[in-house]
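In what follows, chain A forms one complex with chain B and a second complex with chain C.
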Partner chain A sequence: MTGVRAVAAVVGRELRTEWRDRSRVGGLFVYGFALVLALAFAMPGPHMLPDLAGGALWLGLVLASTRALDASFATELEHGALEAMLLWPVPPAAIFYGKALANTIVLLMVACFLAPIVGLLYHPEPRGSLWMLPLVMVAGCMALAAPGTLVASLTSRARGSSALLPVLLFPLVVPVLLASARATTLLLEGDPMNQADDWLGVLVVFNLLHWSLDALLFERVIDEG
Partner chain B sequence: MELMRIKDLPITADLAGFAAVVGVIALGAVAWVARGGLTRRWEHLVGLLGLWMVIVGQYMGLVSSPRERMMGEVGRILYVHVPSAWLTMLTFTFTCAFATFFLFSGKRHWDHLVEATAEVGVVLSILLQATGMLFAKPTWGVFWDWDPRLVSTTVMMLSFMGVLTLRGLLDDVDRRATWTSVGSILATTSMIVTYFSVRWWRSIHQMQSSPDTVADPMVFVLRWNAFAFLFLTVWFVVQRARLSARREALDAPPALPEEVPA
Partner chain C sequence: MPVAATDAPSSPPVSTLVVDDLSRRFGRRWALARVSLTVPAGGGLLLLGANGSGKTTLLRTLATALRPHRGSASLGGRDLWEDRRALRPRIALLTHAPGLYADLSAAENLRAWAAMGGHAVDAAARLAEVGLTDAADRVVRTFSAGMVRRLALARILLKSPDLVLLDEPFSALDPEGRAVVAKAAQAVRARGATLVLSTHHAPLAASLCDQAIRLHEGQIVWRGAPDDPQAAVPADGALV
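Let's turn to the complex of A and B:
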């Protein structure tokens, strides 16, 4: 089986599992919604909310991503599904890329659901063109998914995994949160200096680093069973 | 600005040279000692040398060296702060290097060194943060500033604390070793991206301060203290690695009981 077909097979499997247990993604939507709502109440007043829209979207996504990623490996451990998957004639890197891509798609769904809600609740007044926003969302979700998939594969089999995942993941994704929130805010508030391009560049570099390095590290993790 | 400039410079200007020369030597030395290259007595001599150098170095820093021009007596904390900054970076670089060696070779002694350097590195970075905060209050007027170095050191400290937590929660020896190494490599590489992204975030608001020169007597005391910290760190790492090896031997399942004759 060629690499691309193997990755596609893993993505298909992951998305099928998600589809069969739709309540999980549904729960993520509700969780993200509740987060951006709660965040608004923690701020000094409604007049500040337009400035916070970009930050709220990405904070909601980062927090929701820990639930999504934790779940993506927790289900593998039931009934020894991971062991069965390792018997497939595909390289471990294909499993990593498949899982990371599937997680990217799930996070993108959450992002597409949260973005209009943040738009409704936080009243941002877009002053620039928003055509780059989808790019930032894709790059940001990819940047959360790659290290997230690797870290989830580490923590899922430790005791108290759901508490451990954020402990390991949050320091790692500081640049992602910073770059995507800054880029989104700049796109919303107008970007005369074209700084959003630079932040998108940070996300691209982060993605290049993690989508290559993490696949190598994942092989070692999986070897150890 | 004037105050920041003095603080900035030994770290940025000297770090590359210091890390390159001393780092390579120390890397070889630590690896050699940990594999049993030194007898116990010689190894403790390194620790004693470090202790003596710290005492002399701190005397020089606190008493005999001239007062810092801009900061006066407060500037003397540099002689603890800067060496701990150098050594934190160096130790975590070692963690990453040893973790890579472990993943390639699978030899257990690298894993003990990973645990040792990660733990010593966390202790050093706590010292770094504590002295940095004490130093920042009188000079910058605040305990914390969103400076790229501050943020990336804190992020790295948190990452390694997370890795050590993960390590503590795993019981299987092989799994624990591999996963600690994977986590350490992730923590170190992401620190670089964090540094540059935070620098970018800051540079939108203010320009980076430019390097300047440090007075010669200060440089000598700084270097002296850096070597003192280096020897002590090597000693701590070697002790910690040995402890890690002993613990592992203790936790290993007992050999099969010998057959009892009927």
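Let's turn to the complex of A and C:
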């Protein structure tokens, strides 16, 4: 119970800090918007756009996530709060889960902002089970946040962390990008073979692995002394 | 009472600090070299030395933020590094990095840290103790360096620690702020906690401690009483 309270306290503090400095989330919105807009204009013909809606949404989210994750640890490092937290009576796993949950919520906010923009720019013609789309978005954002929080903790104290983070994170989240984009496309375009469930299953397994193992690795990363 | 390098007693009081041959390096450079000392429970140790002499490294190692590369330190007979998870709630460290969230107010910072530690806090009372009542709702980003220092002190004392480590606690403070820190340090010792304090201004801290050491290039080069005239001499490594 103490651990759950500690996680809730970390999430609450993270979100309160985000709310106070709304420029960070605002920057993510602008960044994601610019990406999906540029991609839409780069396509040779408008007939291709509906097929690319899912991919554009998740490409924008994956790229925006690196900025979000890097910034989440910058806040901790600004006044030595990460070390202070480590020396505080709070389990490292609670710090990890608190930060990963807060990062998931931030990414979901970006996803909710980008989804209607992608709808406007790419004109998808929904023919699938749209009710599953929120599930894919939640599972995809969680699958980006867990390994992202771990890798950001690793790179945050390194020189050039902004460049290092995507280099280390992208190979890890390739399955997330593929599964999320494919599931979203199937749900939008129609899924006669019921393949979306399988891709959602990939995301669930990815989440189970990373939300359990990464918490253990996080402890080693931040408490190396 | 001079600092003595001794073996740990068989059943030391809960906050007795024993440091034995403690060393820590960064790369190839030893920032702390074979430091041994004992501070009895409720005692106060004054750390003196020039910038880069190893004071902060010693304090951070005692706080378990750094792993010693050689030797050991114990609190109440328990090894600091091996038992760090259990001991961290009993150790408070004040450094130049205040461990505060700049976009939260002073009261929100204290409440957030208390919540992460699993307990509630009377933020108003804690802020009153460090003279920040009027700034309770101000965002920390707008604070002066001295106000940040005071708030950081209030934050670390939320834990009611057995070992309090203060790194240059008087820096950036006006006379009123220095009095606040001195009062807090006296209160720490009055309730039986052990105090280790580093400063460049020995006279300010002499009354708070009963032992003093001077570090130079990571080694102890002088031991004595805090009110010893030598304690007030600026460190240049010649005082052995």
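Criterion: the second predicted complex is superposed on the first by the 223 of 225 C-alpha atoms of A that agree within 3 Å, B and C clash if a C-alpha of one lies under 4 Å from a C-alpha of the other, contacts with A are read in each partner's own complex, and residues count from 1 in each chain.
Here is the rule we use: a contact is a pair of C-beta atoms (placed from the backbone, for glycine too) under 8 Å apart; a residue touches a chain by one contact, two chains touch by 3 or more.
These figures come from a predicted structure and were not determined experimentally.
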item: Touched partner set for A:Arg20, first chain B, second chain C, both or neither; value: second
item: Chain B versus chain C as contact partner of A:Glu83, first or second or both or neither; value: second
item: Touched partner set for A:Thr155, first chain B, second chain C, both or neither; value: first
item: First, second, both or neither for A:Gly12, with chain B first and chain C second; value: second
item: Which superposed partner A:Asn194 touches (first chain B, second chain C, both, neither); value: neither
item: Chain A residues touched - chain C or chain B, whichever exceeds; value: B
item: Partner chain in contact with A:Thr2 - chain B first, chain C second, else both or neither; value: second
item: Contacts of A:Val202 with chain B and chain C, given as first, second, both or neither; value: first
item: Chain B/chain C common contact set on chain A; value: 224-225
item: For the chain A and chain C complex, residues of the former touching the latter; value: 2, 5-6, 8-10, 12-13, 16-17, 20-21, 75, 78-81, 83-90, 94, 224-225
item: Chain B residues touching chain A - in the complex, by the definition given at the top; value: 103, 151, 155-156, 158-159, 161-163, 165-166, 169-170, 174-175, 178-179, 181-183, 185-187, 189-190, 193-194, 196-198, 200-201, 204
item: List of chain A residues in touch with chain B within their complex; value: 147, 150-151, 154-155, 157-160, 164, 167-168, 170-172, 174-175, 178-179, 182, 195, 198-199, 202, 205-206, 209, 213-214, 217, 220-221, 223-225
item: Interface residues, chain C side, partner chain A - complex; value: 63-67, 81, 88-89, 91, 93, 95-104, 108, 112-113, 115-118, 139, 148, 155, 159
